[in-house]
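Next up: some structures, all given as structure tokens.
Both of the next two complexes hold subunit A, though its partner changes from subunit B to subunit C.
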Partner chain A sequence: MFKGLQCVFTGLGHRVIEGVWRIGAGARLFSYIGFYLFESFKRPRLIVREIFATGVLSLLIILVSAFFVGMVLGLQGYNTLQKYGSSEAIGVLVALSLVRELGPVVTALLFAGRAGTAITAEIGLMKATEQLSAMEMMAVSPVARVIAPRFWAGVISMPILAALFSMVGVLGGYFVAVPIIGVDSGAFWSQMQASVDFRDDIVNGVIKSVVFGVVCTMIALFEGYDAPPTAEGVSRATTRTVVNSSLAVLGLDFILTAFMIGA
Partner chain B sequence: MERTTIDLWVGVFVALGLAAIFGLALKVGNLTSSNIGETYTVTAAFENIGGLKPHAPVKSAGVVIGRVDGIVFDSKDYEAKVTIKLDKRYEFPKDTFANIYTAGLLGEQYIGLEAGGEETVLKNGDKISHTQDAVVLEKMISQFLYNKASDTKSSETTKAAE
Partner chain C sequence: MQKIMSDNIVEIDNLSFGYKGRLLHKGINMVFPRGKVVAIMGGSGSGKTTLLRLIGGQLKPNVGEVRVDGDVVHKQSIDGLYNLRHKMGMLFQFGALFTDLSVYENVAFPIREHTDLPESMVRDFVMLKLNAVGLRGAHNLMPTELSGGMARRVALARAVALDPQIIMYDEPFAGLDPISMGVVCNLIRSLNDALGATSIVVTHDVHETFSFVDYVYFVSDGVVVAEGTPDQLRNSDKPFVHQFVHGEADGPVPFHYPAADYKREMLRGHDV
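So, the complex of A and B:
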């Protein structure tokens, strides 16, 4: 009885200590990246190469999903709006939901699955094969050489991908609404322009995607850097990247929306 | 991969991203229509603006000729003071009428200007003195119900008199 209780408390204590330790280690890694800010922008070639790996190679999945999301929004929106005789408002519905929410959030989720996992696996394997230790032996900081360029690449890529997602999604909605369903093209664009505000909707969407870019890339980098140097450790770290990034993005989205709407 | 190929693709990627933000701002957002070149500002006071918001369009004969710039509450007269930016190309007589209309049954509200007949025109900083408030649906319904009730009452009294 007493022994069982002790076991419960030991387990709880262990988890709390590990959680606090991981938060501390993550914060330390983050501050290191900030510390090497100047150094990493002195060698932009490293960042450019990482933008290619995280951003350009994610383009296909982002654009294709955006087009389909936009088309589905168009169909579903039309189905409901036509009951109220205002099917022209479909443009507003598609544009607002994409620019405010779906653009940044779905891009971040796809980004975590497409690019985040790649980052974690790459860094985890670099650690497992002791490439990072080898760099330290040569007095090259692995944070400056490996971590920081990937971080900045993720932060730069995410808003670009989210903006492309929103734009292509709107085109997908247009494709369903105007040629297929037969909504008037002028009404589609003009109603959209009348109710989408540049500052309140588009800029807020960009701010969201920048925050998601920081969070997703940071989680992927930290999980890789923190992974146990075994095959199992890397695989677990990759799983944790997807789970933690997705949860962080959805939770943060709620907080950011609450602030932006000013509730 | 070749260094220049990577550079090229990243360049294309960044350019596409900027084009997307630019496209969103111009095609989806109202950035173009909110700054219509050179403008002049006039004000109008309304007792009730209903759901009018900043950036709402100002139309005359159905054509957008300006935007609502700002709405403040005037605590001296207990009225809403609406600042309107009008396109410099269009001039309006001093006795122009400003009404608040609703686009469709549930649409957004906008200001409609109806030109008067005076010779002098509105200049920067002038005030439109003829205004008509937004229609408040509750007020209309209660008025309608009140009229209906008084109608039935009067018909009952005439019946009783017969």
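So, the complex of A and C:
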């Protein structure tokens, strides 16, 4: 009995210490990235290359998903709104759902699955094959050369991807609502234009996507940098990237929404 | 204060290092004279590669110190350490080439990072280094298109791209065929002499290493168990050196990993 309890507390203590250590290590990596902020922007070619790898190559999955999400919103929205005789408000429902919530959140979840895992696996493998050590021995900081450009690429890409997601999602909703169901095109666009507020809806959506960009990219980078240099270590790190990013995005979305509605 | 130039470019003084409760080095002393090729030999897991990492400042000793060109490595700031590393080049066990860069770009990497030379000059330097390792014609290839021996030679060209004073080699012969092994041996010696550098070779290949190095340290169980020129060690009657040089399966380094009594364990049945 006593031995069992001791095991439970030992395990718990071990996990807490490891958790605190990882938070500290992550914060230290984040501060290093800040330290190399200006150095990264001195070499924009590296950032542009990473924007291509993380942002441009994620476009297909983001845009296709956005179109389907928009179409589903159109169908579900019409089904509910017609019961109250306000099916013309379908444009407002689609736009607000996408710009405020689904655009930033679904983009971040897809980004974590597509680009975040790629970042973690790439950096983990660079570590396992001693490429990061080789860089250090050449007196080149891996944080400045490998980590920081990827961080800025993620932070820049995410709001652009979220904006494109919302735009294509609205087109998906339009495609279902207007040509297929037969909602009036003018009502669809005019009600949307009248109801979507630039500051309360669009700016808040952009703020969310920037925060998610920082969090998702940071988690992906840290997991890769911290991964044990083995096949199993890299695989576990990649899984942790998706799980931790998804939980962080959903949790932060609630907190940000609460602040934005309260503001 | 002016630094007095010692005959030894690297000095390891009473160094102890360990982690996770295991002491890997227990008071090691070594010197690496300028212009010489020195080998550190020992069995797998004896901490040879760790010694290179301690010299390069990637690890900090628990006790003692490593001095490179008179500077204590672990007392340097980040900038100081990076300045010290400008004097070093390192060949990693499997090359550690950047897989997203071509052979040319790999060798150009340290030159571009540390100099503002025009592209035409960078090209001349890269081709010069690639020619020295016999791979000028492979400059357009990607690392995945190279054999193990070729990758090692490209990594060597990259390690000497900025003409370092110290070149460290981590298991440079691991997994190479006899021809590639001979090529790498000759390259280590000829590059060392041409650059006037000091080479530290970590390896356990006795035959190849003894053919070109000036001095050898044998490391076992965390201490230097023997040292001398290849000829002195070939004729050594120390049991460890004899076992290692002649490749005997059993001796001071036992064949069996420490375990309980075999007979008693077998009689106990499946309760292991």
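In the analysis below, the second predicted complex is superposed on the first by the 262 of 263 C-alpha atoms of A that agree within 3 Å, B and C clash if a C-alpha of one lies under 4 Å from a C-alpha of the other, contacts with A are read in each partner's own complex, and residues count from 1 in each chain.
Quick note on the criterion: a contact is a pair of C-beta atoms (placed from the backbone, for glycine too) under 8 Å apart; a residue touches a chain by one contact, two chains touch by 3 or more.
Given the structure is predicted, the values throughout are model-derived calculations rather than measurements.
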Practice task
Please indicate which partner A:V56 is in contact with in the superposed arrangement: first for subunit B, second for subunit C, both, or neither.
Solution key: first
Exercise for the section: For A:M192, select first, second, both or neither according to whether it touches subunit B, subunit C, the two together, or no partner. Expected result: first
Problem - Residue contacts on subunit A - larger count, subunit B or subunit C - result: B
Exercise for the section: Look at A:P159 in the shared chain and tell me whether it touches subunit B only, subunit C only, both, or neither; answer first, second, both or neither. Expected result: first
Exercise for the section: Would you check which partner chain A:V20 touches, where first means subunit B only, second means subunit C only, and both and neither mean what they say? Expected result: neither
Exercise for the section: Mind working out whether A:M137 is in touch with subunit B, subunit C, both or neither, as first, second, both or neither? Expected result: second
Problem - First (subunit B), second (subunit C), both or neither touched by A:L12 - result: neither
Practice task
Examine A:V48 and indicate which partner it touches, taking first as subunit B and second as subunit C; both and neither are also allowed.
Solution key: first
Handout entry: Residues of subunit A contacting subunit B in one complex and subunit C in the other
Key = none
Fill in the blank from the handout: Seen from subunit B, its contact residues with subunit A in the complex are 1, 6-7, 9-10, 12-14, 16-18, 20-21, 23-25, 27-34, 55, 57, 104, 106, 108
Completion exercise
Interface with subunit A, subunit C side, in the complex: residues 56, 58, 82-83, 85-86, 88-90, 92-94, 96-99, 109-110, 113-114, 155, 158
Handout entry: Touching residues on subunit A, where the partner in the complex is subunit B
Key = 48-49, 51-52, 55-56, 59, 86, 95, 99, 156-157, 159-161, 163-164, 166-168, 170, 189, 192-198, 201-202, 206
Practice task
Over in the complex, which subunit A residues touch subunit C? Could you list them?
Solution key: 129-131, 133-134, 136-141, 145
